[in-house]
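Both complexes below contain chain A, partnered by chain B and then by chain C.
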Partner chain A sequence: MSCDWPGRWCHVQKFIERTGPFAHPDFEPSSESLGFLQETCKLLIIGAGGLGCELLKDLALIGFKNIDIIDMDTIDVSNLNRQFLFRPKDVGRPKADVAADFINTRIPGANVTPHYAKIQDYDESFYRGFHIVVCGLDSIVARRWINGMLVSMLQYEDGELQQESLVPMVDGGTEGFKGNARVILPGMTACVECTLDLYPPQVNFPLCTIAHTPRLPEHCIEYVRILLWPKEHPFGEDVPIDGDEPKHIQWIMDKSLERANEFNISGITYRLTQGVVKRIIPAVASTNAVIAAACSTEVFKLATSCTVPLNNYMNFNDTEGIYTYTFEAERKEDCMACSKIPKSITFSESDKLQDIITYLQESAEYQMKSPGLTTNIKGKNKTLYMPTIKSIEEKTRENLKKTLSELEFVNGQELYVADPTTPMTLTFKLSLGSNME
Partner chain B sequence: MAAIGKSKAGLDKNNKYDRQLRLWGDHGQTALETSRVCLINASATGTEILKNLILPGIGSFTVVDGHKVQGEDVGNNFFLTKDSIGQSRAKFATEYLSELNEDVSGDFMEEHPESLLESNSDFFSQFTIVVATNLCERTLLKLGKCLWEKNIPLLICRCYGFIGYMRLVVREHRVIESHPDNAHEDLRLDRPFKGLVQYIDSIDLNTMNKKDHSHTPWLIVLYKYLQEWKEKHAGELPKVYREKNQLKDIIREGIRRNEEGVLEDEENFDEAIKAVNTALNPTKISSQIQELFNDDECTNLHSESSNFWILVRALKEFVENEGNGALPLRGTIPDMTADSERYIQLQNVYHEQADSDISIISNKVHDLLVNIGRGGNITDQEIKTFCKNAAFLRLVRCRSLEQEYSEDSDKLKDLSHHIDDEEPDDVIFYVLLRAIDSFYDKYNCFPGWYTDQVESDVIKLKTCLSKLMHDWGLNCMIKDDYIHEMCRYGASELHTMSAFIGGAAAQEVIKIITHQFIPFNNTYIYNAMKQTSVTIEL
Partner chain C sequence: MIKLFSLKQQKKDGVDSDKSGSHKKSSAAQLRIQKDINELNLPKTCQVDFPDPDDLLNFKLVISPDEGFYRGGRFIFNFKVGQGYPHDAPKVKCETMVYHPNIDLEGNVCLNILREDWKPVLTVNSIVYGLQYLFLEPNPEDPLNKEAAEVLQNNRRLFEQNVAKSMRGGYIGSVCFDRCLK
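Up next is the complex of A and B:
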């Protein structure tokens, strides 16, 4: 390669041109492995934020050249304390573009392709083009969606998983001084949905506390955000809260202070107000560096077989000393994403469609965001509820109040459920009880 | 917020550093912004550490490195480029690192640390902490001795193949704000203070209307029924499982019923029942705090005692006198189902008692300062923070490198527990790295450095290892597999390894600078093959 120089790859070559007792059984030491990393292997990094910037640097420096990076966000001032590929002059520009430019300029031979887009903008044909997908996301929904996509790409012949249809996913996550890194071989090891209970459910304050019995400054801020803003429209009709607009935060803070004073509550500050409104998660450079590095090492192992990959989950926390806990997360036998077993749900004839939707949202197993339901009644497809398209939502809203018998459901009725957490339509088999309970 | 202003680019620092200010606060940031960090050797690991310190905004950094940039340095180091080959590594790394944050000033010294230690060891006195990477054993020991004498913390970092290593050397590191993840509340239900008793006595559950009854904070509910229980049990608290269940039953009896005799939905009572398990822990002083009280630094204050020890002494005197064996009240209560008014009243009851404890301690602190004749003040804010964190104080004293390297160290003899096993733990890599250092000392080259010598180096490394283990009095075996693997690495520094240690080391430096969170003591080994790690005191 014209852009190489003597010694450039010598650190990497020792791992892939020499074997060792802990190498993967398939490992063949070879001087050609480097060529595979550089010329053939294609990686996709999802997220160009705290983890994404690190991942891009790490992977480019260990020999990967063809890397795509996708992110739908633009750069904010508060990114600069850790997203080190961005400078003050870049504020407002797409993260993926700036990150790709930086790496392509700094690292000779790097061929990074940016996508200023949502992961949902691309379909299977795009994702099939990669050997490994690496995630540095702060959104659980996006993580679940890409997991579902990679699972949906699996092909089976006579019940045997076709190895060439498998795209491994390496996933990192951080929050303050805590983080985790994991390796997912879709269809073979625990996937994101298998271990959904590892993510803590989002904590919301009860509405009655916010409305009637505030005790904490957070309750006052939530009062203004949820109840007062839509009533007063301080910046005009249809102007939603922009957490990055200082005028909006200032207004919310002033109103929160009024409410707090009324109840003798102290502790409202600008920082707290913005934190509550934007649901800010603290973040530092160091944790992102650690987790991205662990993920990148795993990508290197998967691509070269120089050592056995992580099996399959590592937790990290450095508030008290430095603590890691590594374990094998187990597959869920009836996982809704990767098990291929249709899910069964039980309701009675007098339950309403709304009850099914609430269940899909609130059960720890599904944690859906806004499920849309269709079914087949007497050979005809029927949309039961569709929250994503306004006109259809209005037309189907009245179904929510109908009982399942009114909807002419039968025992064994198949419900097809779509949700932002998955690219697939999930099939549920309804086991319908009578009105006994 | 006074210390946080505008950055050089005119950005609001509150904004730029928002995500980390939520972790260590404005005072942590101020400490960071006034710190001076020295890096020895701009290796890939070294520059990654600095990167993660420059981004959050340390005051300044200085790179000490006498090397010229080589092709392989540019291969694994993000802060060097091809054009820099053959030129000063210190200079180029400093330039590229400086681009990360215009509010951090960078400087370099193109000199080998060995000669700097000979000619001008006072050079190191200016730093808050020194971070050293890729130093040979001999230089490391010299540096360790120099910094130990100057009482400057040293963090040693190294990446070797799939193994990461760190060693922290700090004489005494004091932490007031350790930010524990799961701290018990400090509610004193077992030994209620006067203000709490008075307040709760003024409340009568029986005469309340339905709404007030179901909005009485659980703390009050639990306290009331606890008194009932105590009256029947000679003033004792419920201790064992059965007794706690009895108390729960008594509380459950208190839930109101509607006209049909069906239990009302009273969330506060449910919370009170749940709290029986967690909120009745006897108030006591932890062994860690007791150790601080017994420490020489606490019992023998002198005119140069640090603020921390004066505060600990005042705390001890409080516990032994006004506190009746308890620490000052923390003064916070958790959120609970309640109406605003009574929750805030209850919060104030705790708050007022905490304030009164703080003022007693404050008086003691000022008396102590006068008695020992120490100048300088201890601010009210410092005393307040100290009292609120009194249960979480931590002290880290590391052993010196000299102690670690002394052959009759008991810690070395204990190593056999970690390695003498079918599945040895990651401590085994400490022994292997030490063997590699003896190899280097003997042959002036790392085992496996040259591809055609890997096999012969395995034998030589094995000899070094045997001698080392013999000298330490270790009678166990290390499997050849490990020796082979270390020779395979040939001192390779894979960038992702540097990045991992770069992140972990930077956070330890931030802990040392801010005196928040707890650093490891004193040796950390990371095994990237299995993504596991271990900490051991050596």
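Up next is the complex of A and C:
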């Protein structure tokens, strides 16, 4: 390409065109891998915030050209101290758009595609188009969603994972001076859901403390947020608190101050109020830089196999000195996401729902006691039958007599089955034969 | 260990053989709540109602205590389970106005496992038992309704009368309660 100059990639070439003591056992040095990295490999960065800006810059400079970046947020003035692809004039514009423009202009050859959207706006056909997904997120729900998506894309043949259906996920996270980077090979190594207990629980104060015995300024703010707001509806019935609306925060702060004075508590400020309402975690630019660098390195390792990737979870802390610790997070046998290899069952269109339930109860393999079944029809959850809950049983009983075609099942329909005999909800993939046989 | 280097060939095949289509999948929260609901083991004083059986994330719990101060009453709780479940606890509100030390007049409930002590290993069943326990053993130590708590602490007899009066529908002080007897 015309934008390359002599020696532009010599540092990258040193890793991929010769082998070394840390090389992956299957690594073969080759001059082709540079082409793969630059022209073929497609990356998706989720989040264009503190980590996302760093990730995009790092990966584009490594030489990955085809990068998509997705973020649902617009730029706020408080982002500018660390989200360095943004300038004061960009405030209010979508983060993904501005970040992509900046990199495409600044780095010759870069081809960054922005998506100003939620990850939930896209489906499997979008995510399947990437080789590696990198996350710089601040939300557990979003991490679980993309994790669930990547796990659900896995294909199995005779219970054997088809490796070409696997999209690795590199996940970074930071909180103040602490951070972590991890590599997830969905279906092979511990996924987000396997290690859900590792996330610290949300700080929730006991309601009675908030209501009657506040001791901290935070208690006063929570009092206004949880108890006063729904009672007084200061901005109209059913208007939820918007943490970015200065009027809302000001109202909460004023009321919190009144309460704090009543209990001789000091320390209420606008900043603290917004911090508590939005559950802001302090962000440190240098931590983002370190974690993004670690994640980008992992992406490079996965894409080129030049070195064995991180196995599989690295903690970082530079509160005092620098500390890192890497360990292998283990898969959870009964993980809600990645242990559920869909099991195949075959029925014909004229079979009834009752036939499936009878099969689950009587087959030697399952011997279920009181299976409850749900599925997803055209993107909507549907409860097919649930014997244990009276109100659901009554409303779903008629489904038992319906044929699978009447229930609008298609070939490949996924059925989710909960039963006391299994530690989690099982997924079944239905092969739907016609009645030809 | 998997070697992803040969992705460049494999990926193309993967994209072409778009066989499974793009079916929407159930979320982990959804699968977990299905498990919880299917295995609800309700005490005979409790009953759950799903206004929309296809929506397992929103439902109501009716508690009709058969002993204690609240015997004969009928109390409705609204459950909202979010996509953060089970990392985050469900949101539970009491829809029946009740004279109770740990439930305020807006329906906020002070139960430790709904807030500070929630853990992902807990289930909807744990919450049901926790709520049922609140009616058997109201706890004046951690009050949300301070007036009710003080009465319970100082004069159990009066508290009992107040509860009975509130459930029949009537005034306690200046607050008018709706009738909630079965």
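Annotations
Definition applied: the second predicted complex is superposed on the first by the 336 of 437 C-alpha atoms of A that agree within 3 Å, B and C clash if a C-alpha of one lies under 4 Å from a C-alpha of the other, contacts with A are read in each partner's own complex, and residues count from 1 in each chain.
Note that in this section contacts are C-beta pairs under 8 Å (C-beta built on N, C-alpha and C of every residue); 3 or more make two chains touch, one makes a residue touch a chain.
These numbers were taken from a predicted model, which means no experiment stands behind them.
In the superposed model, A:Val308 lies in contact with both chain B and chain C. By the touch criterion defined above, A:Gly20 reaches chain B but does not reach chain C. By the touch criterion defined above, A:Leu196 lies against chain C but remains apart from chain B after alignment on the C-alpha atoms of chain A. Judged by the touch definition given at the top, the superposed model places A:Lys382 against chain C, while chain B stays out of reach. Look at A:Arg279: by the touch rule set out above, it reaches neither chain B nor chain C. By the touch criterion defined above, A:Lys390 lies against chain C but remains apart from chain B after alignment on the C-alpha atoms of chain A. Shared contact residues on chain A (touching chain B in one structure, chain C in the other): 209, 308.
Residues of chain A that touch chain C in their complex: 24-28, 33, 36, 40-41, 123-125, 128-129, 131, 140-141, 144-145, 148-149, 152, 155, 163-166, 168, 185, 188, 193, 196-197, 199, 201-202, 204-209, 211-212, 226-227, 230-231, 302-305, 308, 336-337, 340, 370-372, 374, 376, 378-383, 386, 388-392, 395-396, 412-414, 416, 418-420, 424-425. Here chain B touches chain A in the complex through residues 9, 11-12, 14-23, 48, 51-52, 55-57, 70-72, 74-76, 78, 81-82, 85, 99-102, 161-162, 178-181, 215, 335-341, 343-344, 448, 451, 454, 481, 484-485, 488-490, 492-500, 502-504, 506-508, 510, 517-521, 524, 526, 528-533, 535, going by the rule given at the top. Of all residues in chain C, only 1-5, 7-8, 10-11, 13-15, 18, 20-32, 34-35, 37-40, 47-50, 53-56, 82-84, 86-88, 102, 104, 106, 108-110, 112, 114-116, 118-120, 142-144, 146 touch chain A in the complex they form.
Listing the residues of chain A that touch chain B in their complex gives 5-12, 14-15, 17-22, 54, 57-58, 61-62, 77-78, 80-82, 84, 87-88, 106, 108, 176-177, 181, 209, 213-216, 263-265, 271, 274-275, 280-294, 296-298, 300, 307-308, 310, 314, 317-324, 326.
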